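Order of writing sets the labels: A, B, C and D. Residues in every chain begin at 1.
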């Protein structure tokens, strides 16, 4: 009598998005205009989730700005909020921050990973030296200055930040949660280690045998659930598959700038309706974008 | 009248930056800043065959690459085709010096001691006049590297201020040759500040910013007028060295093929 | 007289350990200890298809493997042929719980509260009577896992002592249900101690070691005689459950093909 | 005028060993009976280097015991000193420790990597929670107990240990120090990060183009020097190439046990003479072992 087969961890998009509930701390992987689990992000917006603490990527980007614009975010943990050459500062972030409407855990990339590592290591804080002499201990009162017990020198204690759920975008996974990124995976591993649970949104689900052909490429060895969503990082890049959709990003930035510059939320409301609220399913979103456009975004 | 130079200010700045790179170092190529990126690649191709370039979270050497295919971002996957090995983004926190020995820092504000600000402009952090993008990794990189360079794409009194509203990256703190060491900060701090008008260095004793060279056609007065703090001006201020023909040829033919630095 | 059992004590212990594994967990297979290794693999093949096995710094599932090729060490490269992914040795310090949810700890000495010692025997650390191999990773694993198991290959008064000369891994500290929490140590600590004579558990209130079951043919007196602290003995002590035929078949046919547990 | 070619980092065995000088702190990679840079270790012994602080692998093994036996070691930083099924406790280590002749930085694997990470991160110490309630703070006075500045709870500060040189064994490297291990590389990356300089001893030096075919396999992206020494982990395993030489390890353990049990150093002196002092070169060592024996050790 042998054990039954391994259980598939593949779930559907809405079931995955439904794990994110009001007030939770979640992490969202990727890097600036690449590798964000956008199918999940849009579904979270559709579900009207509120008061999230979002541990954005180091560095974050317009994926987080969209969540702020849609009213989902209470607190943000990130080191950079921009769209690189598309926009120097993310527009809704900028306005919300200037109005004091957003709690910000102000940090740089070193501190960001300190906070995630502390969570992964089950430590209350980890030390960092860089930041002494800057404004960070003043503008982020969660960071404590103390003296190192060995050398006596002043240090910063960066508190642990533990996401309940990490939402990660990657190229592929098997049904058992062995995830493989194309190329680096940026800082996604750090989020996976820190979070209680990780959901991977992938371009393809492949047989376990495919994963075993190159186990060195397995970047997250065992996530908790897997969601299939081809073109799922759109409008951002999906490494190995497609580059970012410049036109779409410019459309979003224009809508954001209209709000940031003149307080006009209408262009964003139109964007929100067209791309997120109206399309009943994820596939319908892709229909709105159009297969022709999607096929133009090939990486090479 | 001086003849019109056969190079742009961006090319001049790239040439200047290229001479700051030392062979054998690790050098992060922050692709978003085109001018420093071009300068680092120029150094690599002409003088520094043994630098380890950190490009989109890979390390590589590009000596054999006839032309740098365009890459404008730090997130584009395409340059990973050149990879000799990966260093993940979070690995940088494991050992900042394995990522880069030197770094280029941009800013919203820079003060006379080379402290800089990417957080925002305004007196009240909770109600900023202008919210910046955030520190990215500049704070930690600038802390740990051997030395770093400040670089700005425009030169005016909004950027060069007497005192930053917030400090995201320490330069020489409150000044003095011990401005960093008394805070326990390692490294040699900011060495030069490169602007479209000039290059600043730092006075050895006070660590206040000092005019080191003027770009062709720029006057001392122009710099003073556009700088919000008192600049130390030596008796003789040379002109920033023009890029050589070799440099221009390599820049235009192999690095800046699309002419980003000529616009 | 009881008939001679059709299994060895090692097979019995492996069967007992196999029932401690829970499906879906991550479980480190410390290959050096053959009995726990066999027990974990047995659980995987018979009841726990979804455990993630940590084998020689890889994670894998071995459900489809007809026979576990012999691997006696934690450093042998050959089992990496089964890898689904790697977790480097130093990654364990990044997140101990990503390596294993449970663990098996061996020891030179074990005291009545389940504290254990791999450092050495003797009163003076600088002049030990017997220097042990060191804590390996037991200290950190036992701290962070959900629960762990003590396992020894012999049962005598040198191992089971009233007080360890040194503590390398905390069990229940100085005892009591809050023995761990008052030290700020997470997890459920040692659950059972498995020996060639018996299985101990821990009294719920005092967290002192208590006889849970006797292996076939072993008497309470034998245990008491060979244990250097006072054992809590309940009124009725059952016999440790014998391995089932299914278990023996799977153990002998697929896991312990070379018969290490039958010697 | 273009830059000249890249400079080769390949050096010979003796030049590499000569970088290790009396009194230095060095790290030696590998794991128990696998992946130790033994050609370098033997050359260090031949050179008569003294008073080393050796940061042995976590877990270490008989490679370190040999260095102790040969009189090179003043202080040891390791978590385990044994040969697994060949011997439960390394013999010369055992005797030296029992006599108090060896300084030991007593730690477990978690603490070991804390010390290396602190060095890599240029921090004076990093925190660890596991170890509270154990004897470690007493038997290792370099570890300090303090209260976490965020939570207030008691923590251990593990001091940074910075090797001047890390000696690593790996499968291959190009001439520019891009090193690729077969399989995991155990904890070698942590040593590389922590050390000022790293020397990789490899089975093969391969063209740079070979490295670029699988950059994900590059485990150490840029070491400072590379030494070629085929069969260079013998008598220990070289993953992907050969398994450990059981007979040779047993010969060493027997010599060690003769000393540990009856104080008889003669069998070890014979071992030392035969395998290390007499063979004038590294290749001569392999001749003493014999090509027939070496070819028997293939991994499959």
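Here, a residue touches a chain if its C-beta (ideal position, glycine included) is under 8 Å from a C-beta of that chain, and two chains touch if they have at least 3 such contacts.
Values in this document were obtained by computation on a predicted structure and should not be read as measured data.
Note on connectivity: the fewest steps through touching chains from chain A to chain C is 1. Between the Cα centres of chain A and chain B there is a gap of 29 Å.
Averaged C-alpha coordinates give centres for chain A and chain D that are 39 Å from one another.
Counting partner chains per residue, chain D shows two or more touched chains at residues 117, 122, 128-129, 153, 216. Within chain C, contacts with two or more other chains are made by residues 58, 80, 83, 86, 93, 96, 144. Interfaces, counted as pairs of touching chains, are A-B, A-C, A-D, B-D, C-D.
Those residues of chain D whose C-beta lies close enough to touch chain B in the complex are 1-7, 117, 120-122, 174, 176, 178, 193-194, 208, 211-212, 215-216, 218-222. Interface of chain D with chain A (complex): residues 122-129, 142, 144-146, 148-151, 153, 155, 157, 159-160, 216-217. The residues of chain C lying in touch with chain D in their complex are 32, 56-58, 72-78, 80, 83, 86, 88-90, 92-93, 96, 119-120, 122, 125-140, 142-144, 166-170, 173, 180, 183-185.
Partner chain C is touched in their complex by these residues of chain D: 31-35, 58-59, 78-82, 84-85, 88-90, 93-94, 97-100, 106-111, 113-114, 116-117, 128-136, 138-139, 153-154, 182-187, 189-190, 237, 239-240, 243, 299-300. Those residues of chain C lying in contact with chain A across their complex are 26, 44-50, 52, 58-59, 61, 63, 80, 82-87, 93-98, 144, 186, 246, 250.
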